[in-house]
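Contents: one structure, followed by commentary.
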Amino acid sequence: MSGVVVQNIQRAAADVIDGLAACGVATVHEAQGRTGLLASYMRPIYPGARIAGSAVTISAPPGDNWMVHVAIEQLQAGDILVLAPTSPCEDGYFGDLLATSAQARGCRGLVIDAGVRDVRDLTEMNFPVWSKCISAQGTIKATLGSVNVPVVCARALVHPGDVIVADDDGVCVVPRADAEGVLKAAQAREANEAEKRAKLAAGVLGLDMYKMRERLAAEGLKYV
Amino acid sequence: MSGVVVQNIQRAAADVIDGLAACGVATVHEAQGRTGLLASYMRPIYPGARIAGSAVTISAPPGDNWMVHVAIEQLQAGDILVLAPTSPCEDGYFGDLLATSAQARGCRGLVIDAGVRDVRDLTEMNFPVWSKCISAQGTIKATLGSVNVPVVCARALVHPGDVIVADDDGVCVVPRADAEGVLKAAQAREANEAEKRAKLAAGVLGLDMYKMRERLAAEGLKYV
Amino acid sequence: MSGVVVQNIQRAAADVIDGLAACGVATVHEAQGRTGLLASYMRPIYPGARIAGSAVTISAPPGDNWMVHVAIEQLQAGDILVLAPTSPCEDGYFGDLLATSAQARGCRGLVIDAGVRDVRDLTEMNFPVWSKCISAQGTIKATLGSVNVPVVCARALVHPGDVIVADDDGVCVVPRADAEGVLKAAQAREANEAEKRAKLAAGVLGLDMYKMRERLAAEGLKYV
Amino acid sequence: MSGVVVQNIQRAAADVIDGLAACGVATVHEAQGRTGLLASYMRPIYPGARIAGSAVTISAPPGDNWMVHVAIEQLQAGDILVLAPTSPCEDGYFGDLLATSAQARGCRGLVIDAGVRDVRDLTEMNFPVWSKCISAQGTIKATLGSVNVPVVCARALVHPGDVIVADDDGVCVVPRADAEGVLKAAQAREANEAEKRAKLAAGVLGLDMYKMRERLAAEGLKYV
Amino acid sequence: MSGVVVQNIQRAAADVIDGLAACGVATVHEAQGRTGLLASYMRPIYPGARIAGSAVTISAPPGDNWMVHVAIEQLQAGDILVLAPTSPCEDGYFGDLLATSAQARGCRGLVIDAGVRDVRDLTEMNFPVWSKCISAQGTIKATLGSVNVPVVCARALVHPGDVIVADDDGVCVVPRADAEGVLKAAQAREANEAEKRAKLAAGVLGLDMYKMRERLAAEGLKYV
Amino acid sequence: MSGVVVQNIQRAAADVIDGLAACGVATVHEAQGRTGLLASYMRPIYPGARIAGSAVTISAPPGDNWMVHVAIEQLQAGDILVLAPTSPCEDGYFGDLLATSAQARGCRGLVIDAGVRDVRDLTEMNFPVWSKCISAQGTIKATLGSVNVPVVCARALVHPGDVIVADDDGVCVVPRADAEGVLKAAQAREANEAEKRAKLAAGVLGLDMYKMRERLAAEGLKYV
């Protein structure tokens, strides 16, 4: 099963990807029916980054980052690396040298269900990473994994070419074939939200704006 | 047991509340006999906030934020929302729309033993949240909970109207009836601390300042 | 076993210590054969600090910080306090008063496999701490521990006088006797890395720079 | 706040307590509106025990079991010890000697949000314990806590004299004043369950028995 | 995405399924290239069960077990229920009544990335469950999920009809289409293991049996 | 640092080792001043085993069990294998074939800060294991580690030849040089305990037996 590099993957359209980035994780996740979130332990190494890109996936053995080098060759501008270890691992698979190489190929960031290191350098380079932990623990280059195969990363299924959206709220995966539709739904939500926000800021209650009072009463809510 | 909204809760005096905020969590917790801390996994979504307010409590089912809308109507200026799910949950019950609504009513922040989302927006809005995690996972509005009933939130018992103090050190709850006394004790500690700090900064040792040497020797401490 | 304070410990040379700080945790850890890292749950209370210093170790009972006062007297300029509780504990052993005292003696920071508090003050004081958690929970002064004995802190063995290196990637311990050799190896790595970084930034692939293609093929990697 | 022993606590009637034990945790918890469960990390040290009793509560400092000795004097036949540390702790507060003493006074078991030891002996003695972990780590007797004050134990609020029900499913607390009513509701559920069980065993589907099909269709469930 | 019940799923041949059960989790997992294991936190509620069956999958909201009733209708003799909540949850979705119903339809067990209750009854019924935790916390029946859609359960991707193998070592999923091939590979391993076991029991070292000494020496292993 | 096998290690006397086994973990740990316990997450795969033996230590890379084969050759009758991975790992390093080989050389059990598999077989073989988790995840044989070097295992420092004591309460390490003295202290405690147990069983309170009342009163304990 491992030892495979899939070279030609399909990607979503660039404007769809960038549109999803602008919407952000929470909106995109809602827009696709509340699916696709990675585990909440996946946190950014610095606040403020908001990106989207096409997933170049890596299935790697625990403590072995050999396949990251292989994956970097497969990167196109606008891609995001997504690494899932084959068993739980906290090691620091990725640091500033790999980031330099990935960034040189136009990579927008890394999503890794394991550790990352050199986080000060990565922050200065403006190379965002969402990871399970920060760990300087080095890795080896001894065993094959695969690149651009489906992976389960932080509890979510990611296919190569799926759109990854990541910001301060976490990481969400959008299946490539759904990306355009999800973008439309997300943008519709956003348009909708501006109006709601204005009303709420003016003091209108959600209870009234969403007409909840009747249903609450029907369910038996009692005010005492 | 659930399905109840208590509308009239008593609150501590505004100046007492603000005095407690100025003292901060560590001092307040010490001043009330080292009680009242919420679990240390409750972390602020951004550094630097230091607030106090009266607790408007929410007991909510897992993954259901309906009661947050109900609770917002109960908010008065200076209040803090305190949400405890009825079983462990990481979902993102609260985002920028709810924060807009809460802030419009003068709410000072949220303490939630679950997830929060839209954290970049909340940061820009200067609406502080202390939460168990950050998660974009959306919630439903299907089942009743209660508002302004006693809850156990992050291992601490909170009654509606209790004073919540929160800063970078975490969250502490002060029973309403004790608030004035705790403030006095906290302010006494603070006055005391300035002098100690000056001595310590000048190089005086705690061993001497607190006269510990004799008791350490009596306990058998050996210098080798 | 407890109740001992070792007063005369040996330290590494100041320039070696400062050299290790400049290299940082990830490089130092690699340079000593990928050993010495503390657990990845040890996180800095604020980003950006990078320090090294000689370990003054504290073995303390759970929830009892009496020995911190004892340890501070043993500090010399350039030292780092390293506290390991004798059983797992999250309490806040250390706050701004102790930091004031430690800083007055030239202490560069604290590494603690437990909690810390007053983190806003510590940040303003520029006193860095790497800890398991942040907790305002106060401690008592009732039971002896020891100072400057070997401790296991966050899964790593630390002898008094060992060099502690800490930055945004975590914490690493270098045995005192190895410090000079590790520094040389670390500096050699650094020199080496600048050249690699330039090549990678120019688009050279790690696959080629490290001559990995042949070995990957030999292992059976398939491009499809 | 600490340093208090409340000597006269009220207890529920013995037959109510025993009735609740017979119903078991899951049924009792349902019968009182799905409240009162302690955290699921509270596990029995051996399978098969099912008990109920009146809570004699202990609030103890981390790593200090002095108050257990104090609490044992307060035990009456049929009581259950409930220990909550004042900050998170895994130490082994309780072993075979304390169990011998508690059992001599008719104590039915221990619920402890910390560690327990001598579990082989406790098993042989048929003294059941529900704990957060098993740990041989010894404790000291240096600092006061309190006995028979309200405690938050494993996320649940327990008042002295409340009824504790514990079995292989975990631990549930029933407020003393509610105990009789909860027992009736629990017994009603049980009567009801026998009939349901027979139908289900005979192949009747819950979909039909509970008449769910119409509501599922109304919600939009699609069979494909 | 949710609200769908897929009624006709394909299953592997019964003798293949039973053959996989006989091999057990560790062997099957090795035989399919060390893939397919669910997270190690999935533990059996009692020791000794070893089963295999076809997955009938359930995607359920947190704290809502309505879809379990729907899924039971889809069960055929020899199936195993596999439940994945749409966000992390510890609630007790499943107890003795549901087990009675499932068992009446020939269901062999449950794999659930959440909680289970009535474990004493389930043990007596000989209905095995592998779960994340044991919790009596009740669930509601308010929101649709789906049955027989692909799910990520405890970090593994499970399609309906895949073969689930479960024993004291945990749970493994075998894609339906691979089941026959994996069985052959697993049986080959087993045949092989008997011979190895005999040699090792007779004192032959793995170093010699697997001819490791030369490669170890080549890697530089030093005996001192 | 790695790639070393130390062949001649010193062991404690057999009768001392067996004496420590008879005392058990809790008593031994107390007898050596409450030190030496491994983390409480180290649990036995089956209840009832109580062993002691000389540590043959293994430092192994994550997910690589090559060194276990090397270590088995170093085993003498009465030894216990102690494996610490060089970074956190849950993989199943050890199963029934390795246990067969170890048992053939007189090995009494395994202590592993990682995973173990084939636990049903190991139970039938009466080969006890204390581990961090149970996982069928297979490992590779690609990278050197070391045998019989000092390791930090589950937070405790273990030197080769130290005495490991393990039972249902967990695992404790006794430094080889201290073993005889610790045994005497442990046996003294045991003799002492029998008398105490008899008194407590007869209803004497610890408060009286240990003469605690006066000190409690002095500390300010109030009976209300």
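Order of writing sets the chain letters: A, B, C, D, E and F. Residues in each chain are counted from 1.
As a convention for this text, a contact is a pair of C-beta atoms (placed from the backbone, for glycine too) under 8 Å apart; a residue touches a chain by one contact, two chains touch by 3 or more.
Computed from a predicted model, the values in this text were never measured in an experiment.
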Contacting chain A as well as chain C are chains B, F
For chain A and chain D, the contact-path distance works out to 2
A-C, C-D or A-E checked against A-B; over half of contact pairs coincide for A-C
Taking shared numbers over all numbers used, above half giving same and below half different, the chain C and chain D interface sides are same
Chain C to chain F, mean C-alpha position gap in Å, rounds to 28
Averaging C-alpha coordinates per chain, one finds the centres of chain A and chain F separated by a number of Å equal to 42
Whole-angstrom distance, CA centroid of chain D to CA centroid of chain F, is 31
Multi-chain contacts in chain D, i.e. residues touching at least two other chains, fall at 34, 37, 40, 87-88, 90, 135, 137, 143
Inter-chain touches occur between A-B, A-C, A-E, A-F, B-C, B-D, B-E, C-D, C-F, D-E, D-F, E-F
Note: in the complex, chain F contacts chain D through residues 24-26, 29-30, 34, 37, 40-41, 43, 47-48, 50, 167-170, 172, 193, 196-197, 200-207, 210, 212, 216, 219-224
Chain F residues touching chain A in their complex are 61-63, 87-91, 135, 137, 140, 142-143
Interface with chain F, chain C side, in the complex: residues 1-2, 32-35, 37, 39-40, 86-88, 150, 152, 155-157
In the complex, chain E touches chain D at residues 3-7, 46, 66, 69-70, 72-73, 90, 92, 95-98, 100-101, 103-105, 115, 117-120, 123, 133-138, 141, 143-144
